[in-house]
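After this come two complexes, each holding chain A, first together with chain B and then together with chain C.
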Partner chain A sequence: MSIPSTSVSVTSSAAQTRAAYLSHLLALAQRSETTLPWLRELRDHAAVRVQEQTFPSTRDEEWRFTDLSDLLAVELAEVGGAEVQAAKLAELAKFYLPEADQSRLVFVNGIYAPQLSSLHHLPEGLTIGNLVNLPEAAQQHLQTYLAKQTGAEEVFTALNTSGLSDAAVVQVRKNLVVETPIHLLFVSTSSPALIQPRALVIAEPNSALTIIEDHVTLNEGVYFTNSVTEIWLGDNAQANHTRVQRDNLAAFHIGKTAVSQARTSRYTCTVVNLGAKLARHHLGIHQTGEQTETTLNGLTVLHGEQVGDTHSTIALTKPYGTTRQIQKNIVDDRAHAVFNGKVFVPKEAQLTDAGQLNRNLLLSSKARVDTKPQLEIVADNVKCTHGATVGQLETDEVFYLQSRGIDADSARKLLVHAFAYEVIESIPLASLRQHIQL
Partner chain B sequence: MVIGNSDVILSVKDLTANVDETPILKGINLEIKAGEIHAIMGPNGSGKSTLSKVLAGHPAYEVTGGEVSYLGQNLLDMEPEDRARSGVFLAFQYPLEIPGVSNLDFLRVAYNSKRKHEGLEELDAFDFDDLVQEKLGIVKMDAAFLNRSVNEGFSGGEKKRNEILQMAILEPKLGILDETDSGLDIDALRIVANGVNQLAHSNNAMLVITHYQRLLEYIIPDYVHVMANGRIIRTGGKELALELEERGYDWLLEAEAVV
Partner chain C sequence: MSTTVQSLVNQPYKYGFITQIESDTIPAGLSEDVIRLISAKKNEPAFMLEFRLKAYRQWLKMTEPNWAEVGYPPIDYQKIVYYSAPKVQEKKKSLDEVDPTLLETFEKLGISLSEQKRLSNVAVDAIFDSVSVATTFKEKLAKDGVIFCSISEALQEHPDLVQKYLGSVVPVADNYFAALNSAVFTDGSFVFIPKGVKCPMELSTYFRINNGESGQFERTLIVAEEGASVSYLEGCTAPMYDSNQLHAAVVELVALDNAEIKYSTVQNWYAGDADGKGGIYNFVTKRGLCQGVNSKISWTQVETGSAITWKYPSCVLVGDNSVGEFYSVALTNNRQQADTGTKMIHIGKNTRSTIVSKGISAGNSNNSYRGLVKVGPKAEGARNYSQCDSMLIGDNAGANTFPYIQVQNNSAKVEHEASTSKIGEDQLFYFTQRGISLEDAIAMMISGFCRDVFNQLPMEFAVEADKLLALKLEGSVG
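What follows is the complex of A and B.
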């Protein structure tokens, strides 16, 4: 019989294509250079992790709804450097935030751009800059944190580490409260390119900071952003983190945010996904001490044929932790949103309180959403809730606005804005909230 | 007030309408002139709310026959937003909550869409603020309400007062109140009714739909219509409401059945 053997050969050729593509990505990643021996060791170790794995397909449970096949067809190249054409500078400046005008780190195609960054009048005790230009003592200290988060071995995270030659670094010394928000602006200008931004944030005990991580583009061509941000919160530290993704509609974006929370630390993350042809963000929260607070606000807005995937993993391993998560998706046309929210509550994590809500607004009959809450609870004295809703704009809602003289189109826009508002409101900077008006 | 030769604002003739292909309105005839306050009463399911929605243009209600003329225009040909801009106002039984849109902004957008329709210049935020401050007293609303999201977290009474505030700003020619009194305590009811009384004058008309006679102690109607089974089965003066309060609807329904 020839049919089974044909199907086997198709499968294996698809597998070969994926394996070849992963090798292509790894080879590209490794072309970036480093002179630091410890970094080279870290990279080599990660490269081995990549080689041990396969490029995901929809047969992998974690990628069931997000098909990366289109990426396989894109032949990527090295990034073209960190230059921004003079003509594009004004366009870039639109992404600058007045509240963070003297606390901005800019990376172009993953490469530090000192001429675009602005670091002035910052408090002593705040270490901010790019990894390779930091004093050697600071670099030494960072080695205990860089690529040490849970999940560092995952294929795209390891791919990022395998090409790690520099990173945005923010470290806040013990007891220091940094009032100025810190803007990490990652710009892509290169195509077709593999762009691998990296950030490391360390909030020492009792410190506090606000971070805006913004992924933007000045480029209309295809590229693949594979970004990793690691955040370490010491005892009683506090971080308010906003992550915005507005890549162009040809781009692929895979992002990882890995957070480690020590005792009584508080982490708030607002994620806004607007861009990319296909975007996947994985937010991993790992609790290492008691009584942590975690607040996750997510908004994904998709049009055309965009795919937007939000995965989150919250591992509550100690007592008295609380988490509040809301993920909102607005899906129009033939776009496709995916949400997978895992919450782990093992036996030790007694008296935890975990709430998760996923709300979806479908604006077209061809729009699609796949939502999968996934709570694994072993502890017996906990409060865990989850919910998922899928809805459309109701005729009654549109009619109410029409009956006040507002035309149907404007009424729909206003209602979409109202749906998104809860998440947009949690962005701590007014200027950024303005940028993200839908 | 009934004024002999005042203009006809609304004229409804043999109006029939379906909801989900079920006939609800089965031949409504109604004429409302400037200066008049009409009340429509009737048991649940009689079609009172449907009539208000049809007049305001709700797309889920399908008009199957009859005519509605509003200030000489064919109302049924107009989009809901155009009806609103032309002066038809429906105060909702269940007003919508709109998170993230301040009450003030919402009022201004609504007000300016009407101004634009009338060929007038839109009011800027400052001038509009003055206008709103002046109107707040009509429904005894605190200015703090203006900065809150539309109806979000408002009590039942606050939502209804907010509807009347919207009406005060839009100054309709025809104000339709759909069970605005339901769920209100007596204080809120007085405030709402008092607001309506301040807004009713010789150039406009009010159509008050209610389940309870109680509201009509505060808003004195010129005409009371009783609706049952999709038709107006009796029309009288304000004393009809009192009679209904005393005797219920059954005697009218029976009389109707006999006819």
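What follows is the complex of A and C.
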């Protein structure tokens, strides 16, 4: 659609503001230091990618319903390593998971915190740690994976790479099944700050692992988290990934999870979005071999004036892929949920079986949902379905519970909980399921 | 895909002939002078010229949209003939005076204009290139107060009505192609059903593009007053040319309190040859406004033709308890491209809408469903059900769905489902094993797939649509 002539001048000045803000973000990101020459090269390359692009506005189809203009007003600052204050961090213990007590990596404001991390009794063949402290040989190996996922050029992903000075690394050697869940805890303590956590997970052929990626906060101020997680699954590898976002209600959170799946690999992802004033999570799945299985479970719970956006892209390129996706949104008050789920099935991906369901529960008359499931299919011998529903709690159901002596308020809570439970129960850790009681 | 089925005859486009008829054609190109010329030729009231010029000035400032899943070379708007009319300019009193060649053309198309011969109860307005040729059953309709005539006639005889409603649903600068249409449209149909009248017969318009360079820009306006109801059909064909022709129509429907409008389309413009050469670009804006309480607008479309179809018949549900419906079958074969769907805008309370879309893509074609269901904050109790199914025939065909759902009211209930499937070899085998030929089996399965939509078409058209689909698909299924 064209721009009405009267708003041209307004638009161009808004465009300038966005361009200036993106330069500001890039400059902040580039202030983080690195001594590794190969990393320097990677960062410079990403910085060029950022410079080529513009800060998204609602005129971009991908950002049509998610307005970032509130972020433009936030003056962000660099994070300092000194902010890792032990006193305050005692509070962090509440986020620790007993199941992963000896397999925890903690990053404070995107910077590795060795005193908080706990790595003990881990099986041989599991490499876990922060990128810069790994032996040089391991670093060499990781270069072929870091920032090499499809979609690495997207503006916020490239922004993260342009300031990449360290990353959480998990690598599982061939044929190794890691029983212990691995906890990647990203905590923000600084405000106003640009925080750019990064994680790289590599599961070699026939290996299996469980990862919990947890974004939490210990401050009330405004900050902008721009996180990127890259996951590589080799042939027949298995990963169970849980991503929880519990930022404070002043924060902005843009997250990217890029997954590459080789032949017969299985990837299960459970995403729970609870926090942030504006949160966006982009899940990109790229199939590189046949017979992959992908299961995506998503839950977004919003209240107040929160905006929660879930984008997913599933690109199948080989035959016999199976994907199952369910995204549930619970929206209260004046909150706004966005879902865009893309499934691409090109000609080569015959016998794909793709199912997608998006369910939205509106709890208030001011709540808003924009959903866009999207199928693009060229292969003919496939089974693809998608569904989307938007509704409120059934009065019949509330009445039924009331007739059994449960008061209306509890009945509603019960029903909302039941709605969310389908997603929550797919979290593999009981302690984490407890944390996420609504 | 078995080759025996692939090689089954590909039914040639049987409406592809060109009528040799002298026409009054203005030189190609678009400028304010051309618009003044069109307006003068049609002897229009002053407000029309203003309407056109306003649209043209807006159009100049607009840029061509490019968000659809369709690809085509840029259109040179200065190479299009904006006015082409069969030369006999005197307005016909009876059909005897209409050029016999023209009548023959319509006979060939299966549209009999001679009232006496007609048994079926359908009034027809035939439009050839840019100008309405003849309207049947006018007197009979007039007895009930129904106005059914070409829009240029309406501009002469009922200018107040036209002025009141024209552009009220699709504003002049609504979109690029609607603005172009508003500036240059030459004819179309006008239907007015007065208060409380149930239109006694089906109304129908037949569109024909004949001239190779001309674009067809028709404008249809249907107004149903309080308690009125009407069923309207449109059909379209064009000759085969190597070049592409632009068809940018605008259809506006207005339904007042308790009124009901049913609009059915069987679109069979020339689709180009198997390599995608030639064919019509069908860029159409269709929108219905349910202005009154309890009003209802129902769109049914069977899209089989056109090189590119790009249209979204929409319903704006303003009146409380109003109902919008959209039933569509879109079939693409060879190199055809279709990006079609609907928009249901719920504004009033307890508004309901139903969307049933069936897309069939064969050959190297691409078929997209793009729809919007929007529930505004005041639309208490709004309800939508959408279903869009795609069937893929052959592994070079593409099917996309882009459903947008925007809800701002918690009492609304919106459901959307979509599926994609193919005709299974085992299903075909089951039919053939019972002695049913492959072609019949495919025709039956397609017809079953489209049943929900065909059921909405008036009887005669449902049969025609069924046959049309079977013909179009011959040679591509297996």
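What to note about this one:
Heads up, the rule we're going with is that the second predicted complex is superposed on the first by the 425 of 438 C-alpha atoms of A that agree within 3 Å, B and C clash if a C-alpha of one lies under 4 Å from a C-alpha of the other, contacts with A are read in each partner's own complex, and residues count from 1 in each chain.
By our rule, contacts are C-beta pairs under 8 Å (C-beta built on N, C-alpha and C of every residue); 3 or more make two chains touch, one makes a residue touch a chain.
Remember, predicted model here, so these are calculated numbers, not experimental data.
When both complexes are superposed on chain A, chain B and chain C fit side by side without a clash.
Of the two partner chains placed around the shared chain by superposition, chain C is the only one that A:365 touches, whereas chain B remains out of contact. Taking chain A as the reference chain, the count of touched residues is higher for C when chain B and chain C are set side by side. When the two complexes are overlaid on their common chain A, residue A:347 makes contact with chain C while staying clear of chain B.
In the superposition on chain A, A:422 contacts chain B only, with no contact to chain C. In the superposition on chain A, contact of A:389 is made with chain C only, not with chain B. Looking at the shared chain after the overlay, A:67 reaches neither chain B nor chain C. In the superposed model, A:375 makes contact with chain C only, not with chain B. Here chain B and chain C sit at a least CA-CA distance of 14 Å once the structures share a frame through chain A.
Residues of chain A that touch chain B in their complex: 395-397, 399-408, 410, 414-415, 417-422, 424-425. Per the touch definition, chain B reaches chain A in the complex via residues 56-60, 79-81, 83-85, 89-90, 92, 95-96, 98-101, 106, 109-110, 113-114, 117, 149, 166, 170.
Within the complex formed with chain A, the chain C residues making contact are 61-63, 65, 67, 175-176, 375, 377, 390, 392-422.
Residues 1-2, 5, 61, 65, 347, 350, 360, 362-392 of chain A are the ones touching chain C in the complex.
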